[in-house]
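The two complexes that follow have chain A in common; it is paired with chain B in the first and with chain C in the second.
Showing the complex of A and B:
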């Protein structure tokens, strides 16, 4: 019985850790779509840049630190990644995307897809220049993981990787912070109003254009923050392919949750994360031998939602856009 | 100098020439009605003033300052408010959030809420409900309340009686009369009796141009100038 409970706890924490990562990858994407109606195909690349930037801060300044020192440096690295990638997002919105709001969505899709190609190639060149392999995880960044998130912790008789608990705590913190911003601040109110009717919001005195820039920067910053968390995770790590590896699940979560809805995105992240956690457990235990079972199940959820409820769990028939 | 001067405004939707030289003036403290059939350019006139659909030619001056080339939020900052024809409340925001959002930054939100609830006591009861769940009349009240707390000197009111039951229209008319005590109104209304009842002056719009104007004093819906419109 104790063994069964321990297994349940292990699978639950593993699923919630994955849910945290998926939520962080998808929240920025859904915020940007909700307000601007832009499907940002460069979101995965921004996550990848965030992983490298945070890794660079850790490798440069935090190598060898432990305990509280390592935590402080991780916070600094996360803030630097969030700010820098947020700045890239703001520049993208002002310099590129703003010109395309009145065009059909295909223009924005092509543009952001182009940005992802440019960012990926730029990062590939930089990484190669420093003698690293773009496709391989950056071992030095993985190595900056402090000891307290490297081992296992015993919870209700289960042996839980400390990193998973850290990811859950971090993810919950970010989700609560974004929720508080959207529902408890005047700027959040402005963002929600602008998502519904940007023309009416501007007629009430809201500088919608500036709100667009701030939200795009915030969405991009969240992608950077997700990257900072992913650089330590052995299943992800800082590498150029992280861009496409994170973009796909982020899109699945956003579509399953309902494009542009915060609540739906969080629910979908938990759903997808738990399914991923359970199927990974079955594979690891040899109950299922097909190695792609997690990906298959996640895409089956996507197909099921698209067939039964195309607007997603919490979406409406039409959201976003202008 | 009039509070609002619209001078020879030409506005297009794409290649479609909708306003073909609209000119009108609104004095401070007046209620002015724009009347005319569907699709003649009344709503576009309001959108042109707000710079939501900026005119290609002509000028719009508010308090002597040209609004052409400004962003809509800058027009709103100068004191021009809008109560749009289909209410356009933020459906997924609560009634209270709709009102709070309309209070200008730096002003007292609580005082704004009190102003709205004093004018429309029913809204207090629905404060925590999503605005999209309200009836058409309640949404219209909320829309007017938003305009009220937005601290405007000029309110552009578009078809306030559209789609409402006669009893509700009476309430809306009373509310607008109350708002007009402190605020200048430019009112688009197809309900001629209502328009004549509320307004001091009127402009008749047809095919994107002002074709008639005058005082509403002593004018009834039997006036030959309106017979064509009423038909």
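Showing the complex of A and C:
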């Protein structure tokens, strides 16, 4: 009797864990697009840099620690990754993207695509220099997991990997924090006003240029934070190809949710994560034999949503006319 | 008689937008005795020069390498690389044809490139129904283009309801669906992730480019199975034959696209890019124009993919269907000149030259062998920071890492030279090279 219920719980939790990873990958992207109207192709690369930076902190300082010590070091690593990658984002906005606001939006896509090439290759040079494989996931970072996120937890008769529960908790925490920032703080109000109508906001005395920089840094920082979380997940791990592997799902989530809408992004992340979890389960059970099924489904969701409802789940029809 | 024909050609050309109305009037008024052949040759003097330059390149290359040794070998791309520049340049041009001229960024263009590549290889392996394994390459190449065009009509009829970022994303979505599907479809080969190769049992000879059915007018391409010919004093190896045959197909495709771009059809595409609402208000059914352009562009992308697979005799999902392949076409277009048609070919030539110059193996020369040859050993082995020698520094930071520097160049182009190489040249000359060069030559003669 526990069989069916346990399976449902297992699939649900793994779907939610994937959802929280997808939400983490996409939050920064949607924040940046919402305010600046820039589709940041370098987002995946920023996530990748974050994963390496957080992994480096963990490997150097927290290699032996376990229990509370590891949690403290993880928080430190996540903060370092967020700050550093956020700094890279701020530099990108001030140094490059600011020059292109008056050009057609395609040019911002192109620019950030070029930044991706540079960041990926820089990281590849660093990784090769230290004798690591850029392709395989960085085992040293994976190995810094403390024991309590490594094993399985028994809930309702189901055996659930503790890592998935950790990912869900982390994702929920970050989503709530960003939501609180946007709705409960004065600066969040400014950001929302800027997303609504940046000309009006600047007419009312908001220094929109500075808000742009801050939000770009914040979005990039969220990418770094996502990297810190992915560093521990054996399905992702810190590697150079992580850049394009996270960029594509992040795009899907952001587009499906409606570009630039926070609520839509979270809903879409749950949708995509659950579909991924369920199809992965079907594949593991041998019900579906096509090995790329979950990836295929993710992109089919993208195409389907764009055909039926181009503005996305929570978007308004005129968002595209930015 | 000739006069009538020249007038007629001018009229036709005027209608197709080849020469602007003023020049036609001036020419027909002044040079009425000039034959249409000469007039045509003069209009295309820039094209002729470019074709001639590419035509002598392999000979020039072997001559310079024989004379200059390391220096020429290090800086000039090898003919093998140039063949790749041709077929991928064609793909980049087809990308530019839709993205640069209509302004709709087709970020899933790799889908059509991959369609072409996969189709040709699968036909050769006898895996496509109704087409026997010994179908001539020229036939399967054209069919590959047609299939890509049909796919474009399907994708486009859905995607062109959207614009801007959304259009880029939905085409990307379609391409990724295809990528995942072809990557994991067991029917294709025993290990579809590594791609599909042409079976050597079914196809011992190289793919032939020429007129299908006429054996004397065909030459096989490919590094190992290509034909070698001796003609007069020329001794052409398989590499050079592949270079010329692939170049020939690319040339024909370029002229087909060039004609379209300069036709009224092409004018409407530019109108769509500049102001789609106005184009629609003037009375054009922009949806149909966009769809037509998309299909034509996909046709040439499919042909490019077929050439790519034909030369290499294999195709894999990562080198044909992945979204970074579209990214490469984008890179070539931006560096060469977005919306210039010929520019992406030069952009990709630049890209490949840098990659080869900084290549890890140093095959065909490269930076490090050159330095080893010309700098004294003490400089190459000189210690820099932390015990790293100068040579090792180059090894670590330069060799095999061309994307870093190309990415930086790309960013610089986007910010400072949005027109790209060819766009910049056109800006300096005040018009296309094809138009300005004859005028300049005429001024010299006077």
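As a convention for this text, the second predicted complex is superposed on the first by the 319 of 322 C-alpha atoms of A that agree within 3 Å, B and C clash if a C-alpha of one lies under 4 Å from a C-alpha of the other, contacts with A are read in each partner's own complex, and residues count from 1 in each chain.
Methods note: contacts are C-beta pairs under 8 Å (C-beta built on N, C-alpha and C of every residue); 3 or more make two chains touch, one makes a residue touch a chain.
Worth saying up front: this structure is predicted, and the values here are computed from it rather than measured.
Novice: After the alignment on chain A, I want to confirm one thing: do chain B and chain C clash, or do they fit together?
Specialist: With chain A aligned, chain B clears chain C, so fit.
Novice: In the superposed arrangement, which partner chain does A:244 touch: chain B (first), chain C (second), both, or neither?
Specialist: Touch status of A:244: second partner only.
Novice: Which of the two, chain B or chain C, is in touch with more residues of chain A?
Specialist: Counted on chain A, the partner with more touching residues turns out to be C.
Novice: Between the C-alpha centres of chain B and chain C, what angle is found at the C-alpha centre of chain A, to the nearest 10 degrees?
Specialist: Between chain B and chain C, as viewed from chain A: 90 degrees.
Novice: In the overlaid three-chain picture, which partner chain does A:192 touch, first (chain B) or second (chain C), both, or neither?
Specialist: In the superposition, A:192 contacts chain B only.
Novice: Quick check for you: in the superposed arrangement, does A:27 touch first (chain B), second (chain C), both or neither?
Specialist: In the superposition, A:27 touches no partner, neither chain B nor chain C.
Novice: For A:204, is the partner it touches chain B (first), chain C (second), both, or none of the two (neither)?
Specialist: first
Novice: Minimum C-alpha distance between chain B and chain C after superposition, to be given in whole Å.
Specialist: 16
Novice: Once the two structures are fitted together, what part of chain A is touched by chain B and by chain C alike?
Specialist: none
Novice: Inside the complex, what are the residues of chain C that reach chain A?
Specialist: Residues 103, 105, 158, 161-166, 168-170, 172-174, 176-177, 180-181, 183-185, 323-324, 327, 330-331, 334, 396-397, 401, 403-404, 406-408, 410-411, 414-415, 418.
Novice: Chain A touches which residues of chain B in the complex?
Specialist: 50, 52, 71-73, 76-77, 81-82, 84, 88, 90-93, 97, 100-102, 104-105, 146, 150
Novice: For chain A, which residues are in contact with chain B within the complex?
Specialist: 186, 189-190, 192-193, 196-197, 199-209
Novice: Show me the residue ranges of chain A that touch chain C in the complex, using the header's touch definition.
Specialist: 39, 96, 99-100, 103-107, 109-111, 113-118, 120-122, 124-125, 128-129, 244, 248, 251-252, 255, 259, 290-292, 295-296, 299-300, 302-303, 306-307, 310, 320
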